[in-house]
Amino acid sequence: MGLFSYIKEKTLINLSSHAEYRFSTIAVILISIIFGFTTVFITYSVYSITEKGVPEWSFYEITFMIGIYQLIMGLYHLTFDIEELSFDVKEGTLDQKLVSPLNVILQYYNFNIESFSSIIAAVVMFIIAIPNISLNLSISYLVFFVILLVISLLSIFSIKLLTSSTAFFITENHSIVENLNNIRSRFSNWPMNIYPKGLQLLFATVFPIAFICFVPASFILGKDVSFYFWISPIAVILFTLVSVKFFNYGLGKYSGTGS
Amino acid sequence: MEQPIIRVKDLSKTFRTHKRGAGFINSLKSFIKRDVFVKKAVDRISFDIKEGERVALIGQNGAGKSTTVKMLTGILKPTNGEISVLNLHPFKERTKLNKNYGVIFGQRHNLWWDVPAIDSYYLFKAMYDIRDDDFEKRLKIVRSSLGIKEYLNTPVRKLSLGERMRCELGLIFMHNPKIVFLDEPTIGVDVVGKKKITEFLLRINKRFNTTILLTSHDMKDVENICKRAIIIEGGKILFDDKIGYLKRDYIDSKTLHLKFSKPLDQKTLFGKDLERIGTSRYQIIFDNKEDIGRFLKQVLDDSSKEVLDVSIIEEDLNEIIRNIFEGKRK
Amino acid sequence: MNLRVVFETFKIALKDRMAYRTDFIADVLIGPLIFLVVQFLWTNIYTYNNITEINGFTLNDSISYLAVSTIVGYFVWTWVTTTVGMKIKRGDFARYVIMPINFLDYTLVELFGRKVPSMLIKAPLLFLLLKIFFNVHVADLPHFILFIGSMVFSYLLFNIFMFIMGLLTFWQESFWVFNMLGSAIIEFFSGWLLPIDFYPSFMKPIIEILPFRHIYYSPIMIFLEKYSISSSIQVLVSQFFSVIILYLLARLILRLGRAKFTSQGG
């Protein structure tokens, strides 16, 4: 099958590119693991200086949730790099993707071995957290949990696609992408219950970051997520459709650098 | 009659751009308000290209060549006019068309920078769904006729520009495209590399009847590779015919160089002005209508002068093109 | 160092910024939104634990601390490591060797020039927004003046340290790794993330020895008037000595690296 062998070849190319810079690849992975622990570090400090810390969540529960965040981000970046779209639009290199017979979005498939850092960080967080929390591990819960992880991946993908697509309209979209990325990562790393109701609703619908790690973690931890749980598939799927539409609209508008 | 492979009729493309003044104050101004103006990059052009033709698109920077190529490849949406490539609308049916053409944008590369070129070839094989035996067969042709055997296994960043361009060129022929668009493929390539590229393109054209659309600023390349030229200026077509006709129509003078056994002491010869360019060398300029043959015969028959050497110099293509752009056309 | 160089780079940098107005506006407008998360998190922590003070910090102190931390970032943060690293990797460094200037001094001035637009426009604008929406504490005049002085040292500390990180490119051509490493060190040891008073106790002794707390923690504490005038001056003196030591270290490493560079070039 064409797509399969495309993915295989691109993976090989990505791997050998990284092999050319072995030292930096390994160093980047190690240093990135440290960065992965930023929020855990803040959480740890909060719990060491206060009696009860963050409302309704324990240190280990938050660590577990951030572990899911790291896992999802790791899986996403391991295979995809839609952020490159901004560069492609600005530099006109998108032309090359347009003249190729493959779907444009698919060409942003990218095997990035450095993302293993997030997955390693996630594993360490799970090792810290799991002995100290109680998880619902029945089969049906696990099945739903996996479905929620897929939804989580989908929401990451569509948020990134949407923000990157702004490049079609605002060529220098660096600050927008950067800031929205920051908003996404900073807001999704804390339990949603610290935010006002209006913001929670926003994060469950228009800007669905609640599904990245809060909903899956709450669900498997047995916390009440009924509100999020029932709207999650609809909200994320609608959001994905909108993102893809927005991307296609932008692509239609794309006018090259005309040099 | 043979169906053209590319048809373009009254094709136009306009861009809206911002104007930004130079200087500090103007850049502050542009922060608040920008002047928008419309630029006609391509203005109602029409042409047909038949299968197997080798056509050059010639024009100065910003004349509309690249815009035309981008419309033909479906990257840009035409503002007006009809366009069809292999009976498909490039913009609307880009994905159907992709597999049938190959493109090189001279300044950008398809090859992955840090890995050997051959890896990118395999990636292309997967992208274009090329069958194993076809791939091997064409790789063999490309490898030998471009002389890139030893380069294919070196990381691309270690290749010279010419070596890299040959690898790039080979790559886009792997899926046996019906049409190739080559945008400045020889830019920065040395003489040996250029010769290889030219030979390769002619060979592929002959063997697979591949249509070639070349844009280049190098008229030697154009002459060597193409038979037909389309000259674009200010978004309009100035000339579209055989390159040979270009010479016939646009050359308005020829220069005759004569070398005599000893210097002459006269200013004219059989009614033509003599211009001295060496001790006993002279140059005489004829316009197209004049008969050089008769003049020469007169000179050679004149027993008072001994002619040692004769040469006739035509304006070269570069000069013709320059004349056209400078508005000195007939 | 020539003042005209500073002025010209400032002009170009500002023009560069103005060319992309949407980007600039987005940065100033969306920036404060990120700060909402700080507001919600710490308000929740204080009310949920039913306390008014954590290690001497009221809720307003904590929020102000993190707000000023963002502002300090606008003043000190540059791409010095990648700039220096790229010059070394691509060989442009040779151009500076033959110039009658010191590479370190030149880099510090050039980057400062590029920083001015963000210092003069973005930082005050963002601070104004944070003041309006989050009621951030504003220093009195003497503390504010000391804060500005302290920020000059912060700028130098950050950039000399990250310059050293860039110099490591002489030995290993992966400057982005050193950029990450430097950022990681600053992220965790400078008080950028949290007031150091909130840190787990095992980290405090390490932070006391290292100079990085002078990049974020010290100037912010001066701004919040947590230090008296006299102890603020003491902090400035301590910052000054850190700058001197780091500067000499950078010069030394630059000299070692240069030897490496010429021998590589053959």
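Miscellaneous remarks
Note that the chains are named A, B and C in the order they appear, and that numbering of residues resets to 1 at the start of each chain.
By our rule, a contact is a pair of C-beta atoms (placed from the backbone, for glycine too) under 8 Å apart; a residue touches a chain by one contact, two chains touch by 3 or more.
Just so you know, these numbers come straight off a predicted model, no measurement behind them.
Central chain by Cα centroid: A, whose mean Cα position is closest to the mean of all protein Cα atoms.
Across every pairing of chains, the maximum count of C-beta contacts belongs to A-C.
Between the Cα centres of subunit B and subunit C there is a gap of 53 Å.
With centres defined as mean CA coordinates, subunit C is found 28 Å away from subunit A.
With centres defined as mean CA coordinates, subunit B is found 47 Å away from subunit A. Within subunit A, the positions touching two or more other chains are listed as 21. Within subunit C, the positions touching two or more other chains are listed as 19. Residues of subunit B in contact with at least two other chains: none.
Listing the residues of subunit B that touch subunit A in their complex gives 15, 41, 66-67, 70, 73-77, 94-95, 98-99, 101, 103, 105, 108, 110, 112-115, 119-120, 122-123, 125-129, 155.
Within the complex formed with subunit A, the residues of subunit C that make contact are 19-20, 22-24, 26-27, 30-31, 33-34, 36-37, 40-41, 44-45, 48-49, 51, 54-55, 172, 174, 176-177, 180-181, 184, 187-188, 193-194, 198-201.
Of all residues in subunit A, only 2, 5-10, 12-13, 16-17, 20-21, 92-93, 95-96, 98-103, 252, 254-256, 258-259 touch subunit B in the complex they form.
In the complex of the two chains, the subunit A residues touching subunit C come out as 21, 23-24, 27-28, 31-32, 34-35, 38, 41-42, 44-46, 48-55, 170-176, 179-180, 182-183, 186-187, 190, 194-196, 199.
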